[in-house]
C-alpha cells in the first residue's frame, strides 16, 4: 500500500499530489489557492505537491507519473479532459496510491480507477441556467431570441454548459431562437470583442437573453453593451455562470439577472475527503460541491459571502 | 623554379577543427547531467531510474515531433503546424476507428500517409511558390485545429479499440521499487525514430543535402543538389513525424482531445534549439534534439518534485532554469568560437 | 516607392475583398462610421480598428525586431505584465480616480516593459543567444511574473478611473486606442525613415557581419529595437487593460505573438530580416482584425473560426507569391514558353 | 551538317526587370577547345552562363545541346546533361566540411549510406591533384575565400563533364595556383572537354584560350580565334574605347615615394594565436604598403588585426601616435581606419540594400543613427562615385545583389573611399574587376595616397602590389618575414624569391 510516509515532509501526515488543470481563469486560481491554503492549514497533511499542467493533458499525466515516482500518499487529479486516463491511473493503482478526482470527472469506464470525485457538474449548471430562462421567458410570445457566449471551443465546461442549457429549453418547449453563438474563450477580452460584433451585426433590438458561459466573458459583454448605449440587465437579460465577487457586484448593480454558481472554494472539503481516502474509509463515489443559483433578489445578500 | 606550394596551416590542429562543432552539444549534455545530479541531491526518490525513464514515456510524442522539426530547422525552415497536425492525427485515429469502423492498423497507416501528404503539399507551396515557411505552416496550425474541432468538439475515447493497447505495454527492467524501471513500447518507437533520423541525417545524401540547403540554399542550388526534393522532403518528414506523434498520443491515452497539443510546436522548436541547432539552419544534431527534449522534461520534473510552487512561481522558476541553462550553454560553447572582436 | 506600393498591393486587395464580403453580409453600415450617443465614433469597422490597436502596436515592434533577423516571442507575456502592473498599481491606491496615480501607473508599467524588452535585446546582442530562445524565457516566465504582480487575481479598476479612458475614451470623437496606434505608427515610421535607423536596422538584419565591419553599432541597435518592441507590447497591454478595466495575467494577449508575426509577414516583411514595411504590417493587422469579424458576420460557427482563418491566410500568402500568380495565369497566356524557374532569379551573381 | 558544338547558344535575350542583360548573344563551344568569354563588368558574362545552365530562364533565343534544343530546369539538370560549372562567387556551403562540399551529391556510398572514409580519401586526392593540402574534415568556412575557390574548382573538375564552365575562377588565386589551374584546363581540353573560361586577367586568357567571344553591354561584339586578336584590339572591343588610352592610365598609376611621412600605424608584436604570428609593421602617412604572400600566408589576418576586425591577443598598436585600446571596427572607423574586406558577399555588402545605401553605410555608421546623411548630400556623393568608378547600371536605387560581381566590388570600394579615412585597408580590392576599372582603381589609390592618405593594400596579384606600393611586407606561413622597399627595380620575381628564401636576402 502507499500508506507509508515516504514523502519528504519529515514528520507524520500525508503527502498529497495535486495535479491542477492550469491557471487559466480567476476561478481556477481561486480553486488552487483554496486547495493550497487548506492543505497548509490542515495538520493531517504534511505536504501538498502542486503541479500546474497549463491545460495540457500530457503535462498532467506527466505530473501524475511524477507523483507516483515520488510515492505520495494520495493523488488529487483535476482532469483536463474526461478520457485518456486509464493507463496512468492504473499505474497509480499498481503502486497502491489512491486517486481522488477534483472538479471535473472522467469517463465512466474508468470508474474503478479512482476512489471518489468531488466537484461540480457543468451540465447541471447549464440546466440551472436553462430552467431559469425557461421560466422567465415562458410568457414571451414572440419567441425568445438568445445570444450565447461560449467558453473555449471544445472544452468540457463549454460543451456541458451549452448542452445542459438547451436540453432544458427543449424539454420545457420554450419557443426560442439562437441569434448567434460564438466562442469568447472564457476571457473578458474576447467576450467583449465578440459582443461588440454581435451588436454591430445583429443589433440588440429584440434580443432577449445573453447566456455567457463564465463571469469574465459576461462582464466583458456587459461593457460592450453599455458602450453601445444599451442597459445590460434591462434591454437584454443576462445569465452568467461562476459567480465571482465581480460577477455578484455587477448583479447588485443591476447589470445582470441570473448567476449560476460554480464554486471553486472546496479546499477544506477536499482535504477531508483525502484524509478519509488515505485512512481507507469508504466514501461516496461522487461528492457534489455545494453550489447554488441566484436571481436578482439574492445578489445583495450573497455578495459578502463570495470568496473569490 | 621550385615553386612554393600551398602548405597546410601549421598552427591549427586538425582535431580541433573537427571538434568545435561538437562543443554546443557537449555543453548541453554536460548541463543536462548537472541538472539531473542537482535533482538527485535535493529530492528523495529522484535517483530512481524511473525518473529518467519517465522522460521518454511522457515525452515520446514530443520527441518524435521534435525530430521532424530538427529536419525542417536544419534546412533553414520552420514548421508551426505540428501541434495541430498531431491533434488532428489523434482525432482522425479516433474518428476512423470508433466512428467509421476502419481497422486500427489501417487507420494508423492512413493517418501517417495523410501527415506525409500534408508535408509534401506545404513543402511544395514553400518551395515552388516561395511562400515563407512561417506562413505556410501557420495555415496548417489553424486549418488542422479547425478540422479537428469539426470532427469532434469533445474528447473521444478509443479504449474499446484493442490495437491502441499495444503502445503502453510495459517492458520491465527490474522492479521499480528495487531500483528498476519500465518503458512502454511507444518509447521504443520514439527511439527508433531518433535512430533512423540520425542515420538519415548523417549518413545519407538526403541528410547531407538538408545541411547544405540550410547552409545556403542558393549555393546548394548552384552546386546542383536536389534542392526541391530536399526542401519538400523535410516538410514531409516533419508532417509524418507529427502524425506519428499523434498516433503515439493515441497509444498513450487511447483518447483524442480536440484541444490537445496547443503550443506543442513551440515546445518542439524550443527543444530543438536548446539542443544546439541553429534556427537559421545548417548546424545542429538530432541527438542534440534528444538532449533538448530531455532538458525540457527534466525542468518539468524538477518543478514537480519541488511541488510547493504556485502556478506563477512554477512558471518563473521554469523560465529562470531555462535561462540559466542557455546562458551556461552559451558560455561553454563560446570557448569554441573565433574571429570576433 | 514603386516597389513599396507593389508589396502592399495584394494585402490591400485582400483587405478590400474582406470588407466587401462584410458589406454584402451586413450592409454598408459595416464600413460607415457612426457617432455614438457619447460622441464617440463607432460602427463595425471603427470598432475593428479600435480593437486592433493593441495588435498593431505589438506588430509594429515585432516588425522592427524581425528586420534585424530576430523574433520576439515574449510580447504576449509582456502585454500581460504591462496590464498587470498598471491595474495592480491603480487598485492598490486609495483613490483610483486620481489622475496623477494613473500617470504614475502607466509610467511604471511602460518602464517595466521597456526594461524587459531591453533585457531580451541584451540576451540577443550581448550574449549571442538565438532570439527565439532568448525571448522564450520571458514567454514562459512572463505570465508568471504578471500573475505574481496580481497575486493570481484579476484586478478590476473602477470604471470611474481615468485609466479606462486609454481604452474606451475618445479624443476629437476618434477612439483613443486608434490615436495611440496611429501616433506610434507615425512615430516609428518617422524614426526609421527620417533618421538612418531604418537603414541601419535593415543592414544589421540583412548581413550582420558586413554591418559590424562597416562600423555599425549593431549591438546597441539590437537592444534598442527589442526595447521598443517591449515598450510597444506594454503599451498594447495598457490599452487592452484599460478597455476592459481589468488585467487578466493568464489570458491577456494570449497567442498574440503569432498574430503579430502573421501580420508582419502578410505585410511583406520577410522573417529572414532585411527590408521591413511598417505600413504593410498595419494592413496585415487590419486584415486579421477584419477577418475575425467576418467569420461572425457571415454566420459561421466558432468551430469554423480556425478553418476560415487558415483559408484567408493561405489565400493572402499565395496571392502575394509572383510564382503562384504566374502558375495560375500560365494556361491563360498565349506564349507556350514556361516562365523562368523562379527560385534562381534571385541567386547571387 | 552535323554540329560539332556540344553547346550552341543563339540569339539569347535575357531581361531582368528594367535591365536587358543579354541581347541576342551567340556562343558556340567546341570539344577540346578553351573558349574565353570577355567583357567589362556587367557586360553579361555571368548571366550568359546562368542562362545556359538554367539558373535563369531566357526570354528569346535557343540553346542546343548536341544539336537538340534544351532548356535546363536548373544546375542539377545541366550537370546531369554534362555541364559542370564554377559560378562567379564561391557557391559552396560553409557549414559543411571541405570533403562534403567537394563531393556533395556524388558521395561514395556503401549501399544507401555515405562512406565517409572513402569520401575523405577521395577529397584529399582531388585536392592533391590541384596542389592543395587541407584538412578535408574541417568546415569549409574555416578557410579563406581563395581556398574556397580552389575547392569549388576541384569540385567542378571532378564532375568530369563534357562541358566545364569557369566563371572568374582565378580572381583570388596567386600565380602558382593559377598555373596549376591553367595546367588542369589544358589537360582537360586535350582530353576533349569543351571549356568556358571567364577572367579579367588578360595574360591568363591569352595563355590558355583558343577562342574568344566578346560581349559589351549585353550585346555580342564578336567571336575570334585568340591568335587573330591582339590584346589591345581585345581591350578595344571590350571597352569600346582605344586601348592605348588605357595603357596610359596604367602607367601613370605607377610608383611615387613619400618615404619620410610621419608614422600613422605602428604595430609592435601584434599577433593572434592560430592566425598570425606577432609582427611589427609601420605605415606612414601618404604611403602605400602592400602585403604580399601566397595563399593563406596571413595577409588578410594581418590586415584584420589593424582594422580591428579581429582582436589581437598580443602586442600593441599605435595609430596617429596614440595607443589603440578597445579596438573594433566601430572605434577603428572613428579613428579613421577603413577596412574593405576581401569577401564582398559575406563580409562586405548587404544584398537587400540598394547601391546608394550600401555606399553610404560606413559614413552613416560613423555619424550614428540619429543624424542621417542629408539626402541631397548623399545623392551627390553617390552619383559622384558611381561616375568615378564607372558603376553600371548607374542606378543608385538598384538592390546591390542584382549588380554584376565587379560592380558590387566597386560599390564596396566606394563605401570606404567616401568616408575619406586616414588609413584605407584594401583586401583584394580588384577582385573580379575589369581591366579598365582596375586601372581606374589603381589610379585612385595612387591619387589618394598622394593626397596624404595611407593605404594598406592586399592583392593576390604581385604585379599590382609591386606597381602600387612604396613598401611591401612579405608574408609566409602566417609570419611576416620581410619588408621590402619598392625600388624601381623591384619585381614580382624578387618577392617570390624572398618568399622562397623565407625572408633571408636571396
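Chains here go by letter, A, B, C and D, matching the order in which they are written, and residues are numbered from 1 within each.
One rule holds in what follows: a contact is a pair of C-beta atoms (placed from the backbone, for glycine too) under 8 Å apart; a residue touches a chain by one contact, two chains touch by 3 or more.
Heads up on the chains, UniProt names are B = Simple sugar transport system permease protein; C = Monosaccharide ABC transporter membrane protein, CUT2 family; D = Simple sugar transport system ATP-binding protein.
This one's a predicted model, so the numbers in the text were calculated from it and none came from an experiment.
Engineer: Between B-C and A-C, flag the pair that has more C-beta pairs in contact.
Structural biologist: B-C
Engineer: When the centre of a chain is set as the mean of its C-alpha atoms, what distance in Å lies between chain B and chain C?
Structural biologist: Centre separation, chain B to chain C: 29 Å.
Engineer: When the C-alpha atoms of chain A and chain C are each averaged to a single point, how far apart are the two points in Å?
Structural biologist: 33
Engineer: Using CA atom averages as chain centres, what separation in Å is found between chain A and chain D?
Structural biologist: It comes to 71 Å between the two C-alpha centres.
Engineer: Per the centroid of Cα atoms for each chain, what is the distance between chain B and chain D, given in Å?
Structural biologist: So the centroids are 42 Å from each other.
Engineer: Could you say which residues in chain C touch two or more other chains, in rising order?
Structural biologist: 147, 152, 212, 303, 305, 343-344, 346-348, in rising order.
Engineer: Would you please write down the residue numbers of chain B that are in contact with two or more other chains?
Structural biologist: Counting only residues that touch two or more other chains, chain B contributes 149, 153, 218, 221-222, 227, 310-312, 314-315, 341.
Engineer: Residues touching two or more other chains, restricted to chain D: which are they?
Structural biologist: 55, 74, 91, 309, 329
Engineer: What's the complete list of touching chain pairs for this entry?
Structural biologist: Every pair of chains in contact is listed here: A-B, A-C, B-C, B-D, C-D.
Engineer: What residues of chain A sit close enough to touch chain C in their complex?
Structural biologist: 22-26, 29, 32-33, 150, 153, 180-183, 185-189, 192-194, 196-198, 200-201, 216, 219-220, 223, 227-229, 246
Engineer: Residue numbers of chain B touching chain D in their complex, please.
Structural biologist: The contact residues of chain B facing chain D are 2-12, 14, 17-18, 21, 199, 203-205, 208-209, 211-212, 214-216, 218-227, 282-283, 338-341.
Engineer: Over in the complex, which chain C residues touch chain D? Could you list them?
Structural biologist: Result: residues 194-197, 199-200, 202-203, 206-207, 209-217, 221, 274-275, 338-341, 343-349 of chain C touch chain D.
Engineer: Under the definition above, what is the set of chain B residues touching chain C in their complex?
Structural biologist: Chain B reaches chain C through residues 80, 125, 127-132, 134-136, 138-143, 145-147, 149-150, 153, 218, 221-222, 227, 266, 269-270, 273-274, 278-280, 310-316, 318-320, 322-323, 326-327, 330, 334, 341.
Engineer: For chain D, which residues count as touching chain C in their complex?
Structural biologist: Those in contact with chain C are residues 46-47, 50, 54-58, 71, 73-74, 88-89, 91, 307, 309, 329-330, 332-334, 339, 341, 345-353, 357, 360-362, 364-373, 401-405, 408, 415.
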